[in-house]
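Two complexes follow with chain A in common, the first pairing it with chain B and the second with chain C.
So, the complex of A and B:
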């Protein structure tokens, strides 16, 4: 009985779960590496990602340029490393905004019955479109650029958080302990934030871990289409788009950014599955 | 009636309706109940007779689609049913507290138990966090939790049902409420813990002078714990009397049937009796006295009009058309 569950013990349990689940552990390693590279890109990149050297254009991987160079002679390794920085920035910011907005909309709509229909029907309408299409429409309206991509992805993902939180709030607000809270004179906002919303944390954490890779993919897709991060800024999707013109003669232009994208997205998905097991309430209380 | 007769709570003509797709369910239909200072009043009746709904209406906690359609709940000359929500919040948990049937699901799973007790003290009494926390541990000790210092740091899922019910009681008592409404407080607990919790309630009444409304379907609990008892049938009180009077001289045919179906409490008999028929569905209430289709002594008046609760002497109230008072 007595043993309490502090934040430290939660971390310890998380570490144990990760050790047991090899795949989730591998995912966590990839993500730690991705975050570290994203932060430290200026320090570890061997070259300036924007430096043009036309005499060395399209050179194959070598000791000087490990991943080779692109059509402008820019170092692909440096551009992939800086691309991690862009993806990290875009995905964290967009999913962060989507989480805050989605949790707020879903919780308010679930708790206050008269707001349920207007808010959630709007969410349903947005959910009816594929999120890449929502993002495309928003970028089309706002114009291209990194900040607009972040706004577009945040708007496209908000409904997914709203729907998830709404369902949990609807169920939780009927729970005995919420009624008991009302019986001791708690206000509505206190009931919502201190009683109902904490119940949403585990699923929302899992959702975040699954939507970060989705947002990395969406950002890359937008950039691939020329609607996202603009050249010459290094971004994986933009690099793929550029590389496809030389796909037959210089496949390394596409190979390395493509691999980076795949490995990072896979890492997040593996970790997300592990997190779901960790935060499952049925396993939690053992 | 009112303050002078020592009444702290007076419910008059309470009606609660649930508007469902199939029609209106009249869960409580003109209920009268009064509670005196430092008195434990038992409210008994079978499942669905409106006991819990009555309890929830006192603090206006009726869930949708329930609506309180009529009546008064007088508490110190103010009608709780017409009090603005803001003022009502300072009554809830402070002057009138509630405890519920499922102790383990009535506590917030994400906070430590002592913090939840302290929360009431901070919110309703305005104590400083550290003071409230110390007082919370004292309260836990008072309701008989061993190693209160250690248990204080536990989450509800780490404690047993009995422990959690003690926590709920400690929370309910945090502000020394004038009235404690206990809705089936021991139904989910096993027999030994049941006894402990009930005697805890009695002790607390003796120590703090709080009145307790004890809602239960168990006549044994009523006999053991309560001073006065109200018997409910189909959303109305059909009989109310001091406990020893009611068990010795039950007057209403329904009460007599209930007691007759219990194995040997006072009367000598070889066979248990049953009340004929079954409880009518919520959508098709019988006209007149709702008990008349099952009643052995029903007369011509019974299907015509609903009997009112009348005093037959010594605070013994009964709602029946037949001259049951003569039985005494």
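So, the complex of A and C:
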């Protein structure tokens, strides 16, 4: 039972896995670099990402502009670096909200039998739709913009956490140690928070690591469609949308934002799969 | 159950749009307008009536096959959605067919191959497949095959050549998933006794793998194909926009941009109905694939 392992032993096992699994380690390195770039973008970016310099528009990669410039002469390297900041912000906030809301819904529905059917039926309906579709509907209601994208992705991902936590809670609440807690007179909420929720932590961590790249991808897709983060804000999907227009004359516009997006998503996928192998012993011993 | 899902979806979407602050009539009339025009638009859109009346009328008209008129073009939503849906369905079917063939083959090869190199190549392909952004892949294909080589049209519809790049783009992600699921479910059955028996009887490996092992590994594979098919319709939103493919996804994006509510609701309804239909078909297929389900 994963929930019975101490946090320290998990960390130690995580460290061992990273050492054994070079791919998961590479993923972790990419993520650390992504987070570092996202935080330090204002310090390390060579230019202002919004600074327009029409004399240098559409210039190819050079010593001055490593990734070249776009149609407004803005430095693409700086925009890619700031784009990491945008993606980091959007994905952390949206997945964070989805985790809190999903764990709450899943736990409450799983623990209180009379709430199980109505809540989870609703969750199942939302789950039947691809998250980009849910996000589109919400953007249609709320309008475009960074905050609305965060809300849209959070709502689209909440059911995934709710479904996962619900299944675990349903299985855990009949376990002996929860029975024991009930026998010594613990209240429902104390049982839920001290016994049942901790069992959900490892799978939820795996889920977070797999949904962060999904969130980055959805946000970029919305921005690519012109419905997410609005120009001139530096965002990879929006940059790709601009790159599409200039593909024939200046293909470098669409090269670097796409590459950045793919490397970051790949990093999360590598680490997420390593984590899943680590936290799901059944898979590990196969 | 399916009907309830559709009804709940329609209701949720209807009230979500009804709760939006602001007046669509005012928005479409623009700022430079007369109160009479706004009032006329309100009557035309039906937004001058209370929400519950609109909801009742919407459901009643829906049952008669009337999804309302597009705010933007004034044409009936059904006439807008119909031909677009046919295009999306074509794209999605071609893509899922390609994904299924490629994915099952790659998965079987990877599960049965004795060579570690083959296994690793397949796992790298699937990892790249789930990590590459669809819209970037589409742009790269256009850059290579249309701009540089001039072999394929960059967008539009009408011929097989037009279908090639969009369906390839759309099929990469599901292919990766189907490959993984095939690999793991074939690995599950290949160690079982009846497979060893089949080999011991001296059957050729081809028959052991495809007839004995694969047919028992099919249930999870079909589930994942069904799931991915639904997601493919969602992925079509982005792919259609890249290639200018006149499908339902592109119509939905345009409708969201125009805040054309009846049209958005119409698109979502068609998408939702497709998801429900696919799920039902997947459930039915278990009946044929798994005799255990049949006898219950």
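Criterion: the second predicted complex is superposed on the first by the 269 of 286 C-alpha atoms of A that agree within 3 Å, B and C clash if a C-alpha of one lies under 4 Å from a C-alpha of the other, contacts with A are read in each partner's own complex, and residues count from 1 in each chain.
By our rule, a contact is a pair of C-beta atoms (placed from the backbone, for glycine too) under 8 Å apart; a residue touches a chain by one contact, two chains touch by 3 or more.
All values derive from a computational prediction rather than experimental measurement.
Enquirer: Of chain B and chain C, which one touches more residues of chain A?
Expert: C
Enquirer: According to the stated criteria, A:132 is in contact with first (chain B), second (chain C), both, or neither; which is it?
Expert: second
Enquirer: For A:278, decide between first (touching chain B), second (touching chain C), both and neither.
Expert: Once the two structures are laid over each other on A, A:278 reaches no partner at all.
Enquirer: Of the two partner chains, chain B (first) and chain C (second), which one does A:30 touch, if any: first, second, both, or neither?
Expert: A:30 sits against neither chain B nor chain C.
Enquirer: Regarding the shared-chain residue A:175, is it in contact with chain B (first), chain C (second), both, or neither?
Expert: In the superposition, A:175 touches chain B alone.
Enquirer: What is the contact status of A:251 with respect to chain B (first) and chain C (second): first, second, both, or neither?
Expert: Only chain C is touched by A:251; chain B is not.
Enquirer: Once the shared chain is lined up, is A:229 touching chain B (first), chain C (second), both, or neither of them?
Expert: neither
Enquirer: Between chain B (first) and chain C (second), which does A:187 come into contact with in this model arrangement: first, second, both, or neither?
Expert: A:187: touches chain B, not chain C.
Enquirer: Taking the superposition as given, does A:265 touch the first partner, chain B, the second, chain C, both, or neither?
Expert: second
Enquirer: Using the touch definition from the top, list the residues of chain B that touch chain A in their complex.
Expert: 59, 61, 63-64, 89-94, 97-98, 100, 102, 105-112, 119-120, 123-124, 150-151, 153-155, 157-159, 168, 171
Enquirer: Would you mind writing out the residues of chain A in touch with chain C in their complex?
Expert: For chain A paired with chain C, touching residues are 122, 125, 128-133, 136-137, 139-141, 213, 217, 220-221, 224-227, 237, 240, 243-244, 247-248, 251, 254, 258, 261-262, 265-266, 269-270.
Enquirer: Can you check the complex and tell me which residues of chain C touch chain A?
Expert: Interface residues on the chain C side: 5, 8-9, 13, 16-17, 19-20, 127-128, 130-136, 139-140, 142-143, 147, 230-231, 233-235, 237-238, 241-242, 252-253, 255-257, 259, 264, 268, 271-272, 275-276, 279.
Enquirer: Show me the residue ranges of chain A that touch chain B in the complex, using the header's touch definition.
Expert: Touching chain B: residues 1-5, 113, 174-177, 179-187, 194-195, 198-199, 285 of chain A.
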